[in-house]
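Letters A, B and C name the chains as they come in the text, with residue numbers starting at 1 for each one.
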Amino acid sequence: MTAIEVTVNGRRYREVVEPRLLASDFLRHTLGLTGTHVGCEHGVCGACSVRVDGAAVRSCLLLAVQLDGAEVRTVEGLAPEGELTPLQAAFRETHALQCGFCTPGILMAASELLEADGPPTRAEITDLLSGHLCRCTGYEPIVEAIARAAGTAPS
Amino acid sequence: MKPVPLEYRRVESVEEAVSALAEGGTEAKVLAGGQSFVPMLNMRIARPALLVDVNRVPGLDGIATANGHLRVGAMCRQRALERSALARERCPLLASCLPFVGHVATRNRGTVGGSIAHADAAAELPLALVALGGSAVAESPGGRRTIPADDLFVSYFTTALEPDELLVETVWPAARPGEGFAFEELALRHGDYALSMAACVLRVEGGVVAEVRLVVGAVAARATVVDVPLVGRAVDVAAAQEAAEAARAAVAPSGHLHASADYLRHVTGVLAERAVLRAWEGAA
Amino acid sequence: MSTATETAAWVGRALPRLEDEVLLRGEGSFIDDLDPVPNAGHAAILRSPFAHARIARLDPSGALELPGVVGVLTGEDVAAMSRPFPVGVDGACPYYAAAHETARYAGEPVAVVVAKDRYVAEDALELIEVDYEPLDPVLDAGRGEVVSERTFTYGDPDEAFERADLVIEETFAFPRWTCAPVECYGVVADWDAAAGSLTAWANFQGPFTLHSVAAAALGLPGSKLRIITPRDSGGSFGIKSTIYVYIALMGLASRKLGVPVRWIEDRLEHLAGSSGSTARTTAVRAGFSGEGELLAVAYDVVEDVGAYIRAPEPATLYRMHGSLSGAYRVRNVASRNRVVLTNRCPTGLNRGFGGPQLYLALEGAMNLAAARLGLDPAELRRRNLIQAGEFPYRTPSGGLYDSGDYEACLDDALELARYDERRAEQAEARSEGRLVGIGVACVVEPSVSNMGYITLVQTAEERAEALPKSGNAEGATVIVSPLGGITVRIGTTPQGQGHRTVCAQVVADALGVEPADVDVLTEMDTSTSAWSVASGNYSSRFSGVGAPAVHLAALKVAAKLRTIAAAELGCDPSEVELRDARAWRAEESVSLRRLAGVAHWNPHALPPGLEPGLHETAFAAAENLAPPDEDDRVASSAAHGFIADVAVVEVDRETGAVTVLDYATVHDAGRLLNPLLAEGQVRGGFAHGAGAALFERVVYDEDGNLLTGSFVDYLCPTAPDLPPLRLGHRETPSPFTLLGAKGLGEGTTMSAPAALAAAVADALGVEKVELPLTAPRVWEALR
C-alpha cells in the first residue's frame, strides 16, 4: 500500500492505495467523485477522461499511485458552484447529450482544447472527438456545442 | 477488468530505473505513457510482478537537434512532439505520421519511446524510425548503446532491448535538401491501428532519384524495407506501379478479422505507390 | 380517438432538457454511482472460454481460500436454486442464469465469485479449477437446431407469382451487431431471507414482461421480486432488456451467500455475454408487373438467436409482422419463419429490432427489380407506396397503419437530396471511371408494440388454449404536494430520450404551469410505481403511450383542481381556466398552492364526492392492439412513422473505401412533442444504422471464439467516421395515439443499412453487397 497526496478540483486528498488501483476507481470509489464514468477500461471510449496537470487523459489507463503530487480536474470541478460554464451551457442548447454517460469525458477533453491558442476549427473538434464514443447523439450536436463555446464560425 | 496484484516503484533517475529492471528481470516492466500497456494490464494479458514508473525521471523528454539528427527523449509525449515546430521543420516525415498515432487524448500521455519499445507492428512510429534509418539509445546497468532501427525491431511486440535496458532516446535523421517524403495509412476508423502503411523518403538530384527508402508496415511482424528500382530514374506512374509490385512481393500478410491476405497485400501496393508518387512530388 | 391538448403551449416546443444540468455537472445517478445497501460484496463472473463444452468438473476451493472472498455460486447451485427462464417457445433447451453441465457459448457464466472488492474477485476467478471437455460448436445457422418454425400466407402469393412479369429471387444476410451502450450492465441484488424476497437495483429497461420471467425462474411471486431502476441509465437501445438474467444470477448469489451482491459488468463481459441483435438470412421472392407493381412478396427467414432462445425472443422475428409488406400496397405476402440456435451469445432487443433485417431484404428486392425493369429506384417506390387517402390502412398481415403521406415524404427526401442533380453528377463521374452510387430506402417505422404479437409463435389452435396477450399500456402518477409542488412518476425507464422534459411539458400544458415547476421521477420501482407488463422503454413507445399516461393523470388532477377552484370562485368547473400556476375565472383567480392547500390542509372544505389530497394515477392503453386473430393477422404496433432516405456514396476503386458524400433523410413521426429531442433521436438512430452498415459486426471464429471482444475490434463509429446527415421532417399526426405522436427512435436504424447497401451496390454496379461495408469487404465485391 502506498500513501499518495493528490489535489482534485482544488481540494487536497491524502489516501493510502494499492498499487494496482486504477485512477478511475480511485476517483469514483475512494473519493466519491462519480461524475467520471467508466465505459471500457481499455482506453477506447474516453468516458473516463479527466485532466491531470492540465492534460486530458484517460483515467482508466492511469494507476492511482501515479496521481501522487498531481493536480487533477474532473467534471465536478468545471462549475462547482453557480452557473454552468459556456461549454456546458452550449451542450444543453444543442442537445449534445442524451444519456449523459460519455459527456463528462468529452467535457474534460473539450475544456483542454478550448484553452489552446485560438478557437479550434471544426476539423480539430471532430478530430478530438475521435477519441470518444457516443452511442446516442451521432456527434454532430457535440461538435456544434464545442464550436459555439469556442466562438468558432458555423460550418 | 483489473490488473493482477503487483508491486510499483516510481523511480527518479535512469540509474534507479535500470537497477530496478535488473532486479526484477522478466517480471519487471517499464510503465511510461501506459496507453498501450495499461489496457494489457487491465485485461491481465500483461502480468508483471513489478512496475517501474519512469514518468518522473527528469531529462528524458527533450526535443533537440544535433549533427543532422532530431534527438527525442524517450519520455517525450507524442502530443508534445506533434506540436513541436522544430520537429515539423527538421523531420517532416515523423511529424506527418504523428496525427495518425491513436487520438489526441492518447497522445497527451503516450510517449515516443513507449511506442517504439512496444513495437506494435501496426504502429506508426516504429515504421517512421525504420523509414528514416533512425536509431534508439538504451541504457542498462552495463552502460549505454545505440541500436539502429533495422536491428531494433525483431518481431511482433518484440525489440532487441534486454530486460534490464531502458530506452532513453530516439534519434531521427533530419530532412536534407532535395528530399521528399510521404506517409500513407489505411485504417478502418480514424485513429485505429493501420491495416497497412507505407512511408517513403527519397532524395532527388539532377532530376532523378539519388536515394530512396520505401518501408511498409502492419502487414508483417515488423516494418519491411522494400527494394525499389528507382535510383537514377524519375518517378512516373509506371515507376510508382513497379514500386507497388515490389512492395506486394516483399510481404506475405496473413488475413485477419478485418481483411483478407489478398486485400492486405493489394492495398500495401496501393499505399506504396501513393507514397512514392507523393514523395517525388514533395521533393520537386 | 386522439385528442390534442386544448391550449398546447409547451408540447411541441423545442425545449432544452431539464435533465441536462445535473448530467453536465457530473451529478448523474447511474447504477454504479448508487450505494443502496451497505456491506455488499463485489461479484466477478467466471465465463466459459469454449463455445460448446461439457463442464466435467468445477472446483471453487482455491477461490474460497483467498482472503477477501465471501463465497462462490456455481452453475450447479443455480440449477438447484432456480428454474429455467420461461420462454414463448416450447421444447427448447432450458436456459439458466449460469451453465451447469454444458456451456453453450463462449462467455456463458459458469460461476460467480463474491469478494470484498472487484479486484480480489477477479483474482479469485483465476483460482477456480474447471475441467472442460470441448464439444463441436454449431456456428452455421443453416445447420443450427430449428426451435420454432411457422409459415404465414396472406392473400394468394402463388397466383400472383404466376402472373408476375418479373420474379426476383435473392438472399440477404444481416449480420449480428450490437448497440453497445457506453454504460454496461449493473446489478445490486439483496436477498432478504426472512421475507423470502429479492430487491434488485439494476439499469433494466423493460419490457416488464421480463420481470415475470425473472420471478418465475427464481420461484418467486411477482410481489417478491422488487426491481428498482436508477434515475439515470447510460444508454440501452434494447441491450439492457436481457439484464434480467443477471438480476436472477446475482439474486441467487445473494441468496446463497447471505450478503447483498454488487456486480458492475465490464466491457469484455458486455461484448461476450450481454446481448445483441439476431443475425438473419432472408431469401426473398418478389413478383412484379412489367410496370413495376409489386404483386407478391415471400420471405424465407432463418433467424439466429444464439445458443439459447430466451425471452423475449423470438420477438425480433415477429415485431415487424404487421409490416411485412413495408410501405407498399402489395396484398399477397408470405413468410416462413425459422428460429435456429448457434453457439453464440443469446440475442435480444437491439435498436430497430427486426426492422433493419426486414428492410435490407425488402428494399434490396425493390432495388433489384428497379434495375431489371430499367426503372429509377425512387420511381419504383412511388408506384407502390400506400397512398395518402388509404389511411388507416390494414396490411395483409394485420398491421394497422394509422396515418401518413408517404409519397409527399419521398418527394421531400428527393428534393432534400437534390436527387436529379445527383443522378446527373453520377453519370458524369461514371464517365470519368469513378464509382459513385445512389441508394434509396422507404421504410415504415412501427412503434408501441402489441404485447400479443409474440404469440404468433404458436398456431391459432395453440393460442386458443392459453390466455391471449394483447395491448400496450402504461401507468403514470401526478401528485400535487401540500405546498403546491408538482411531481410525476413514470415507468418508462428512459436512457437519454428526455422523458423527464417531455413529461414536464405535457403536465405544464395540462395544469397551466411551467415545465421547470414539474419534478419528474424516472426511477422505477416495481413495488410502488404504477406499471404494466408493457412498461419500460423499447419499440419507441414513450410518445405513443408513455406520454399519454402522464397526460391522462395530469388531466385528472386538472379536473380536480378546477372543481376545487370552482367552489372557491363561485362558478362552474367548466368555466375555470388553469394558467400561470393559478385557476382563473375571468379576472378573478386563486393560486394552485391555495387549491393544494384546500385539498391537503382543509379537506373538510372539499366539494362533496372529492377525495382528499391530489394524487392521481392513470393508465393509458394503446388502441387497436388486439391479440392475433385465427388467421394469424396481428396489429403488431399501434403507430407507424415513415422514413425516406437517399444516400450518395463514392467507392475508392483501389482500396474499397466507402465515402458517404451525402445522406438525406425525411422522417414523419406524427406530432413532435419536442422537435429538439426528435432530431436527437433521428441522429442517434442514424448513427447506429450507419454503424451497422459501415463498421459493426459481432464476429466469432470457426471454433466459436468471439473475435470482436473489445472496442479495439468491435468498431463503433466515432465523429470523423460518421457521414454528415441532413434531415427533413413531416408531421401527419396519428389518429390512434392520444397526443398524435408516433415513436421515432428506431426508424433511421432501419433505413440506413438498406439505403447505404443500395448506394454501394449502385456504385459498384453489382446486384447486392454484404454488410458491413468496410473497405476490405467492398474491395472483395469489386474483384
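List of remarks:
Everything that follows uses one rule, which is that a contact is a pair of C-beta atoms (placed from the backbone, for glycine too) under 8 Å apart; a residue touches a chain by one contact, two chains touch by 3 or more.
Nothing here was measured: the structure is a model prediction, and the numbers come from that model.
The leading chain pair by number of C-beta pairs in contact is A-C. When every chain is reduced to the mean of its CA atoms, the largest separation from subunit C belongs to B. Put simply, the chain nearest the middle, going by average C-alpha positions, is C.
Chain geometry summary: the mean Cα position of subunit B and that of subunit C are 44 Å apart.
Note: centroid distance subunit A to subunit C, computed from Cα atoms, is 30 Å. Residue positions 1-5, 43, 189-191 of subunit B each touch two or more of the other chains.
Among the residues of subunit A, those in touch with two or more other chains are 18, 20, 41-42, 127, 130-132. In subunit C, the residues that reach two or more other chains under the touch definition are 119, 266-267, 710, 712, 718, 720-721.
If you check the complex, the residues on subunit A that touch subunit B are 2, 18-20, 22, 25, 41-43, 46, 49, 55-58, 60-63, 65-66, 68, 109, 113, 127-128, 130-132. Against subunit C, in their complex, subunit B makes its touches with residues 1-5, 43-44, 186, 188-193, 195, 257-260, 263-264, 266-267, 270.
Listing the residues of subunit A that touch subunit C in their complex gives 18, 20-21, 28, 33-42, 44-45, 47, 74-76, 78-79, 84, 88, 91-93, 95, 97-104, 107, 126-127, 129-143. Interface residues of subunit C, counted against subunit B in their complex, comprise 118-119, 122-123, 266-268, 654-657, 695, 699, 707-708, 710, 712-713, 715, 717-718, 720-721, 774-776, 779-780. Across the interface of their complex, subunit A is touched by residues 16-17, 19-21, 23-28, 30, 32-33, 119, 179-184, 232-235, 237, 266-267, 495-498, 676-677, 679-680, 683-684, 686-688, 710-712, 716, 718-722, 724-725 of subunit C.
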